[in-house]
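Next come two complexes built around chain A: one with chain B, the other with chain C.
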Partner chain A sequence: MELLIRNGFVFDPINGVNGEKMDIAVRDGKIVEKVKGKRVRKIDASGMIVMPGGVDIHCHIAGSEVNSGRLLRPEDHFRDFEPKTSVTRSGVGYSIPSTFTTGYRYARMGYTTIMNPSMPPLEAKHTHEELSDTPMVDKASYPLLGDWWFTLEYLRAGDIEECAKYIAWMITSTKGYAIKIVNPGGLEAWGFGDNVKSLDDQVPYFCITPRDIIRGLCKVNRLLNLPHTIHVHTNNLGKPGNYQTAIETMKCVEDLATENKPAIHITHCQFCAFKGEDWRTLESGAEEIANYVNSHSHVTMDMGQVIFTDTTTMTADGPFQYTLYELSGNKWVNHDVETETSAGIVPFHYRRKSYVHAIQWSIGLELALLIKNPWKIFMTTDHPNGGPFTAYPKIIAWLMSKKAREKTLKKINPKARGKSLLPSIDRELDFYEIAIMTRAGQAKALGLKNKGHLGVGADADIAIYNVNPETTDPSKKYKLVRKAFKRAAYTIKGGKIVVKNGEVISHVEGATMWLDVQTSEPAKISEEMKRKFKEYWTVEYENYPVTEDYLEISQPINVKASV
Partner chain B sequence: MITLQPKREFKLPIIAECINPDIFEGKTPKEIGKLKVWEGNKQKTLSELFKVEETKSENPAIIIRGNVSKVRRIGAQMKSGEITIYGDVGMHLGEEMKGGKILVHGNADAWAGSMMKGGTIEIHGNASNYLGSPYRGSSEGMRGGKIVVYGNAGNEVGVHMRKGIIKVYGNAGQFTGFRMHDGTIYVQKNAEARAGACMTGGKIVVGETLESVLPTFTIDGIREKVKIEEGETAIGPFYLFIGDLAENGDGKLYVHKDKNPHLSHYEKFL
Partner chain C sequence: MQIVKAVTCPVCGSLCDDIELVIEDGKVLKVKNGCAMCESKFLSVTSEHRILKPLIRKNGELVETSYKEAVAKAAKILAEANYPILYGWSSTSCEAIRVGLQLAEEIGGVIDNTAVVCHGPSILSIQEVGIPSCTLGQIRHRADLVVYWGSNPWSAHPRHIERYTAFSQGRFEKSGWRGYLTKMKASAVKKKIESAFRRAFLKRKPPSPSTEVREPPPTIYREGRKLIVIDARKTRSAEIADYFIQVEPNKDYELLQAFRALVRGQELDVDKVAGVPVEYLEEVVDVMIGCDFGILFFGLGLTMSRGKLRNIDAALSLVRDLNMRTKFVIMPMRGHFNVTGANTVFTWQTGYPYAVDFSLGYPRYNPGETSVVDVLLRQESDATLIVASDPVANFPKKAVEHLVSNPLIVIDPHMNATAQMADIVFPSAFVGIEAAGTAYRMDHVPLPLKKVFDPPKGVLPDEEILRRILAEVKRIKKRRAKEAS
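Coming up: the complex of A and B.
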């Protein structure tokens, strides 16, 4: 099928296109120079914004954890349901939507690529089953590798190359995309009812520190030439005073960065930008983190913005979730995934009138506005931890309009309002910067060559929003912008129109991207390793890897490692 | 005043939150007939399922005549007005209701008065399980209002209740006042076991037999009478238990002394 999108205001930051009126041509799912003939379908995008399809770098949408969350929260679903239509299947929301609904809701907002950021390797099959059932978007998963016993053992021995081979084996066997590290060392310590409190605490029985893990895996990441950096959820997450841990985490890989390329991605940074001694004296550490990020080039991060709503928190950070349960008294789930990681789930309600929640809301926006370079910070809510992804249009409005921020500021806890830095920040992002924060920057950080831009040869994943950048002043008419980003005028996935005026008009399956990491010699699957599998895991070595035919649409990306 | 009458016997569940005096107000019977409801997985209009008639009256009231036990969410989120039902009624009656009155001359199915915030529900027949309790998994219990049942109630009456009053003049099932925080539950006759499990506050009064008291409750004294609400007092004597200690709670569980000789061994702790 051939498509021609005419006269739209194109925002394509990777190719430096800033709101120029251009035509975009599509043939066979790719963007091409031009198309001709009578059979070309024309879309009139005059007066509208044309952007690459949205890319979400961090969003929990599938896996055993998400599914336990669904089971835990019937009350989350019963108010928010979607009946089936002639093209879509029925489903429920709200903070943990069913797989099909997740795909439809993303497509309605113009998103086409989603990264599922925490996959316990043992639960990889479950995760891929759910990802295969998530339509409309291309997706990938990051296996949790920071507390895997093999990683810890090889890093302790200082054998980075052997560790790299095992990591390569693991990424390929679980069909993963990047190295995810959650509370390095802390999850292993949680197995003994403990946690690590700083980068230099010892992990029990392993004689290794979080610093060793982060640095080791950062080196591994470079040896394997993975497209994304290490994806780090810092230690001490969600604890007052943790902004220092976040800065230290960034500092600890400073010397490992090469050629000004990022070496570390700090995810949902809002949750690790707390200043203060305890919850009462909590303040924003956004300024300190922003100062650091502004003067260093080896870091990317995402916001993890908080939305005032009822949501479900879920992370692999078991000890943090336990703390959250103790704070909220809500029902909870906690899980230890054998030799690999842990997990926890707690429903949570972010309230405007709560001092802590209002400060958290403020920190997310402060980070996004104080970090000058939009290629370094991306928009997420850490769905569903800060709020459901369906709130992205709200965040766009807050980022683009001081008026929108002030309107919400008026309604929040007065003490938090007094402490917030937002009234002193005049910066308002433009559509070009929003395009970077919501698609181009994320695609670049992920090393996705064919996503996040509209250059010739890119995948024809395109979002068209019905808002005119020439006549609309987003700082005043933020409601119009919010509405436009909530319901894309058109979403085009792989050259096919899937959404029109915010309604799904056709159902397409998305591919699962994974890395086929080729090392010079594969990791030695010795008798020793098989013995460990027998001894430590509930799943045998032979049944452990996810085979390629397990994926509905498999899209391997070949990576040549340097080991 | 609007009268609704089912046109046929309903076999599939019907979801009709539009049956609400606030929504009906100011609408002609024809407009009311066009309101959307779900029957199974098909969307229908109200007039396809009900005969809609108007009788002249100042009172913004709705009268339903006939068996509507398959019709769910009648009076959901209503703020004012009155609904009278002559017949049995389906699940989620008066869900999240904020004001007004619902009268049922028949039985009500589960979750009557679920997540209620105000208003009154009177059921002259029996109520089913989860009377005045939130939906499964939710902790948004009743926050106000009054539920009166003249018959029996099922299991889990007033779960997570925070305010308001539930009166059952018949018997109640298990787990009455489960996880309740505040408010009053009065069961005039018998209650099955586990009343007040995990309660942290509030008051449960059992007028006749209570099968057993949970071991996490401690006896505090004997009271001659208990005030149920303004103008209504239950005459005892009652054992007063405090609990649930497993939750560090200080809820009050009153159980009639004379009707429960099997609890007399608690007296030695007084």
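Coming up: the complex of A and C.
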């Protein structure tokens, strides 16, 4: 099928296109120079914004913890459901939507690529089964590797190369995309109900520190030439005073960066930008973090913005989730995974009138506005931890309009309002910067060559929003902007129109991207490995890897490692 | 002769995946590593109870028919039904369940799995309280206190203790099997001597076992793994335990709440709870708090005795409370090999783990209303599809009466009681032996089910049969929509 999108205002930051009126041509699912003939389907995008399809670098949409969250919370679904239509499957929301609904809701907002950030390797088949049932978007998943016993043992022995080979084996076997590290060392300690408190704490029984783990895996990441950096959820997440841990974490890999390329991604940074001694004296540490990021080039991060709503928190950070249970008294799920990781789930309601929650809301926006370079910070809610992804249009409005921020500021806890840095920030992002923070920057950080831009050869994943950048001042008309981003005029996935005027008109399956990491010699999956397998896991070696038939559409990406 | 290794056993929720099969001429000659249940399943594939051809009821008799006719008839029944039931699912693959859910959505039926009659109450309580849990390997590596409550793994999940808990060898905890072996031998010898003595001298029947609860032995304070069993009767598992607490029938709730009070440091001003002296309970609580990593497994003895979901509520709360003092986790002992998988797939597609009603076009969940037994008792359904289950043999009589008074379609490898009452019977391949797929272990670890050899000629896997029915249903509905317009 051939498509021609005419006269739209194109925002394509990777190719430096800033709101120019131009045509975009599509053939066979790719962007091409031009298309001709009568059979070309034309879309009139005049007066509209044309952007690459949205890319989400971090959102929990599939796998065992997400599904336990769904099971835990029927009350989350009762009021939010979607009936079956002639093209779509039925499903439920709200903060943890069922798989089909997840796909449809992303597509309605013009998103086409989603990264699922925490996959316990042992349960990777589950994640992939759910991803295969998540339509409309291309997706990938990051295996949790920071507390894997192999990682801890090889790093402790100082054998980075051997460690790299096993990590390569693991990424390929679990059909993963990047190295995810969550509260390094803390999850192993949580096996016996403990935690680590700083980068230099010893991990019990393993004689290694979180600093060693982060540095070690950062080196491994470089040896393997992976497209994304290490993806780090810091130690001490969700604790007052943790902005220092976040800065230390970034500092500890400063010397490992090369050629001004990023070496570390700090995810949902809002949750690790707390200043203060305790909850009462909590303040924003956004300024300190922003200062650091503004003067260093080896870091990217995402916001983890908080939305005032009822949501479900879920992370692999078992000890943090336990703290959250103690704080809230809400129901609590814990799920530790042998030799690898843990997970926890607690429902949570962010309230405007709560001092802590209001400060958290402010921190997310402060980070996004104080970090000058939009290629370094991306828009997320750490779905569903800060709030559901369906709130992205709200965040866009806050980022583009001081008026929108002030309107919400008026309604929040007065003490928090007094402490918030937002009134002193005048910066309002434009559509170009929004395009960076919601797609181009994310695609670049992920090393996705065919996503996040509209250059010739890119995948034809395109979002068209019905808002005219020439006549609309987003600073004043932020409601219009919010509405436009909530319901895309068109979403085009792989060259096919899948959403029109915010309604799904076609159900398409998306591909699952994964890395086929080739090392010079594969990790010695020798008798030694098999023996360890028997000791470490309760499943057989043969039954562990995820075979390609678990992926509805498999899209391997070849990576040639330097080991 | 061919040897297949690392086969996953499709029997119970333990889902052992280290089975070795010796195969010759499409038959299993020998099963290695498996328990008795595993062995008998693999060896019975070729038994005479197998159904090999689709059957359809004509003039009151089940007669052989073709797949085509059976599919057409089944699809017609389901497409025309107002409120059909789709039930079973716990003994088939996740891939088949996915198709089943789509079929239920397409025909606007109620879809339910066997959890409704086993761990349904557990799920309801998890939705109230949450659940601190883990995978089984975590227990192998770390647990120094293992408690089984209302479950008898020695008989129902025979390799559970050996593979995952007290007898397994972990990184931080060593296996306790030698000690248990000595103990079991001693107990067997003691029994033999006693019965010989009785026969020789007393010539009378064995005395009824005393229900007096013993004092906790000093061994429960030792280092290393300890096994405690709590049950209404002295099971085989209880015999090997370090300490057995015999709870009075239907008093589990009291006992659980007493433990909770003690864990929270409250005093009990009674002497006994559920037949157990309070001072013994205090000692057990000391052991629970003093362990490094404890696990409570619970079975149907807790979910289906008086109190049902309230028992589980108390058990979950007890374990949650224990986490204030140490690391403690809890896990239901799931029965069917893929009942966990059924809950899992239901949840990711619909948001709810069982008892899902699609009659309004979207998933609705209200156990007690949308659960299959209740629908049957209210006599609301008008057609039924059963996949890999035998409700006629184990549902309440009233429910069965309504079930069989409506058109009944069965997909099963065996001629079970439900199949005998059916209007249409599809023979299916044994998933995990004759068909590949995925199943979830009781701790939510997904494992591949292998296809070891081909099913008998003409017999299809559940997934394929369901796909054909679904395609036919869609065709009928399309035709109907066309006619209407």
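Following the convention adopted for this analysis, the second predicted complex is superposed on the first by the 563 of 563 C-alpha atoms of A that agree within 3 Å, B and C clash if a C-alpha of one lies under 4 Å from a C-alpha of the other, contacts with A are read in each partner's own complex, and residues count from 1 in each chain.
Everything below uses one rule, namely that a residue touches a chain if its C-beta (ideal position, glycine included) is under 8 Å from a C-beta of that chain, and two chains touch if they have at least 3 such contacts.
All of these numbers come straight from a predicted model, not from anything done at the bench.
Of the two partner chains placed around the shared chain by superposition, chain B and chain C are both touched by A:72. By the touch criterion defined above, A:345 reaches chain C but does not reach chain B. Of the two partner chains placed by superposition, A:292 touches none, neither chain B nor chain C. The larger set of touched chain A residues comes from C, when the choice is between chain B and chain C.
By the touch criterion defined above, A:279 lies against neither chain B nor chain C after alignment on the C-alpha atoms of chain A.
Once the two complexes are laid over each other on the shared chain, residue contacts for A:83 go to chain B and to chain C alike. Looking at chain A, you'll find residues 72-74, 76, 83-84, 330-331 touch chain B in one structure and chain C in the other.
On the side of chain C, the complex with chain A involves touching residues 5-6, 8, 17-18, 94, 98, 102, 105, 123, 126-138, 140-142, 163-164, 169, 171-172, 292-293, 320, 323, 326-327, 329, 343-345, 347-353, 358, 360-365, 438, 440, 444-448.
Taken in their complex, chain A has these residues touching chain B: 72-76, 78, 83-84, 330-331.
Against chain A, the residues of chain B that register as touching in their complex are 41, 134-140.
Residues 62, 64, 67-68, 70-74, 76-77, 81-84, 89-92, 96-100, 122-123, 125-126, 129-130, 133, 191-193, 205, 322, 325, 330-339, 342, 345-346, 535-543, 547, 550 of chain A are the ones touching chain C in the complex.
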